[in-house]
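Mind looking over this structure? Questions follow.
We call the chains A, B, C, D, E and F, going by the order they appear; numbering starts again at 1 in every chain.
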Amino acid sequence: MMNPKSFLIINRHSPYQTNSAKEALDVALMTAVFNQKTSVLFMDDGIYQLLKKQDPTDITQKNSAATFPMLEMYDVDAVYVEQASLEARNLNEQDLLMPVQVIDSESLRELIENQTIILNF
Amino acid sequence: MIFSLAIYGAPYASQAPDTAYQFANAVIASGHKIHRIFFYMDGVQNATKLASPPQDEADIPARWSRFILDHQIDAVVCIAAALRRGVINEEEANRYDKPSSNLAEGFTLSGLGQLVEAGIESDRLVTFGY
Amino acid sequence: MILHTINKSPQHSAISACLRIIGKGSAILLIEDGVYAAISPSPFHNQLCDLKIYALEADIKARGLSDKVLPGIETVDYQGFVALTAQYDSVQSWF
Amino acid sequence: MMNPKSFLIINRHSPYQTNSAKEALDVALMTAVFNQKTSVLFMDDGIYQLLKKQDPTDITQKNSAATFPMLEMYDVDAVYVEQASLEARNLNEQDLLMPVQVIDSESLRELIENQTIILNF
Amino acid sequence: MIFSLAIYGAPYASQAPDTAYQFANAVIASGHKIHRIFFYMDGVQNATKLASPPQDEADIPARWSRFILDHQIDAVVCIAAALRRGVINEEEANRYDKPSSNLAEGFTLSGLGQLVEAGIESDRLVTFGY
Amino acid sequence: MILHTINKSPQHSAISACLRIIGKGSAILLIEDGVYAAISPSPFHNQLCDLKIYALEADIKARGLSDKVLPGIETVDYQGFVALTAQYDSVQSWF
């Protein structure tokens, strides 16, 4: 196999309404399984995936946050949250269920230009 | 009161199948009647019998089948929408020369007129959009 | 008088479309991703005082919003959803 | 059969990206077949269904405008276009392929309150 | 150059199947190679053999089947996404005790690793979102 | 340098998300409903001069926009789409 590529998985959609959140996370974990350099970015409604105290039992779904601990287990490089998206939703880091790197648009622009493969979800 | 439901979203692409299912149960629990549940657009995917979701996820089509049979609900899948999207019963499989069929038990393929008729004959038509 | 359900987050056009045409005496029920509007002051800013707004409890709880719901928004369970549809003359769904 | 109800079919989505436009129009025609009082409203991206000179042969789809003449044939009561949606898209009546009633939000509010059944698409 | 394509949208719910098909043809016509086409999320519905659209509409799954066989393309349908949504081959039908199968000719069910591998092994991975 | 494809109309969040993070020297290709942005002055207002913007011809023609495309936006056919993906280092899809 070639040298590892860098993968960035971008999550722009909310959990529960569609299966996008779960299926995006499965891709992130799979890139890590392949020993690639993997990072994950949450922006727009994707931010909502990270909210504390989610409990979807009454809508008979699995907790979208249940697989987040796997990101660390599989050595996912970094988890980013776009500052503008957080602010637009009246939310801050204390509302999120795990430590993340809040990143401004300028740094985000740099981050994105340095990825080999960007997968949006 | 007499309710009808229209469902436009497919499992996994939309929460409509979940919300509509909980709503349908609440209609019955509240003592109302369900005249018809009409599956349209991508909602026709609720009626497949070939889905095998992981054990810790709800089996949405199977859950509808049980609900429909338990409560003797008229569950109509729009035939034009279903043919386009590959949801067919044995009769249509024969007509279109397809090697198999996948419509789950309890569902009926019929025309779009059944949606309009449901709107006319029911006190409330509640739509669950994609 | 109409019960309007909204199932999309404020990022989508469904809410603003509904607010442009909703009449006095009608009500909104936030369901699915629509409940994110229940924690965000902007979309209903000018209309909160005139409009009755409900939100579906199961969706609020699923999304971790229970502690954040704005005052003036009433939560209902699925049977409450059914009762609202019976109470209003008709139901219109925005998605 | 009871007295006819009044149906309003609302089109809020663009043609071609999804099948929503075609399947909404099928419902409008079917309500007319059932001799109901039917009207159709275009708002938001639904406006785009009415643009002149659509030609989707290169994307191997049918022209979404092809069934519009059927609306008249089936005695559909009225075709409305929301003024705010038209203006927001930098479009005017001359851009549309058939005569419509452009309607402001105030009149729209009245129209909607007087329908028995409103079906959104 | 070596291309791979990822397709996330179902026919009728998304234009992705149309655009991706035209793009795939243009890749070949431009003298490039296609390493793999990967169908994920609702895109798995591209692989049903039970769709019977009206004669004046494109038969999207049949069109893929012909393209895949004509150009000997590796066309992979994510097995986890497909099982959830009711797209299965005979082997999975047997495993899950389903009465029939619906995977069209030319498509293979396989794991999500095939998407990541396509990203690693191709010069370009182009995604067609829902 | 990245080729960004956008397949949603300006009513959706995809375009503004892309514009927030796109870098200098990168380009946008409007496809599917993304081409509606090619007739609307607003979304690219401030960035048109810095950014190279393409639009897929088949989608422009399908939607009746051929006479309305803003100056500065270049149309390409499907082979032109392939050529652009080859020309840029990678492709990112916004949807």
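Just so we're on the same page, a contact is a pair of C-beta atoms (placed from the backbone, for glycine too) under 8 Å apart; a residue touches a chain by one contact, two chains touch by 3 or more.
This structure is a prediction, so every number in the text was calculated from the model and none was measured.
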| item | value |
| --- | --- |
| For chain A and chain E, chains touching each | B, F |
| Rotation in the CA alignment of chain A with chain D, degrees, nearest 5 | 180 |
| Of all other chains, the one whose Cα centre sits farthest from chain D | A |
| Copies chain E and chain B - interface residue numbers shared by over half, same or different | same |
| Most distant chain from chain B by Cα centroid | F |
| Approximate Å spacing (C-alpha centroids) for the pair chain D, chain F | 28 |
| Interchain centroid distance [CA atoms averaged], chain B/chain F, Å | 38 |
| Averaged-CA centre spacing for the pair chain F and chain C, given as whole angstrom | 35 |
| Separation of mean Cα positions, chain D and chain C [Å, integer] | 25 |
| Residues of chain F whose C-beta touches two or more other chains | 7, 11, 13, 32-33, 58, 90, 93-95 |
| Touching two or more other chains - residue numbers and ranges from chain D | 16-17, 19, 44-45, 59, 61, 117, 120 |
| Multi-partner residues of chain B (each touching 2 or more other chains) | 12-13, 15, 19, 22, 41, 57, 80, 84, 125, 127, 129-130 |
| Touching residues (chain side chain E, partner chain A) in the complex | 6, 40-41, 80-81, 84, 112-113, 115-117, 119-121, 125, 127, 129 |
| Sites on chain B touched by chain E in the complex | 10-13, 41-42, 45, 48-54, 57, 61, 80, 83-88, 92-93, 96, 98-102, 130 |
| Chain E to chain D touching residues, read off their complex | 12-15, 18-19, 22, 56-58 |
| Residue numbers on chain E that touch chain F, as the complex places them | 1, 3, 8, 15-16, 19, 22-23, 25-27, 29-30, 32, 123-130 |
| In the complex with chain B, residue positions of chain C that touch it | 7, 31-33, 56, 58-59, 77-79, 81-83, 85-86, 90-91, 93-95 |
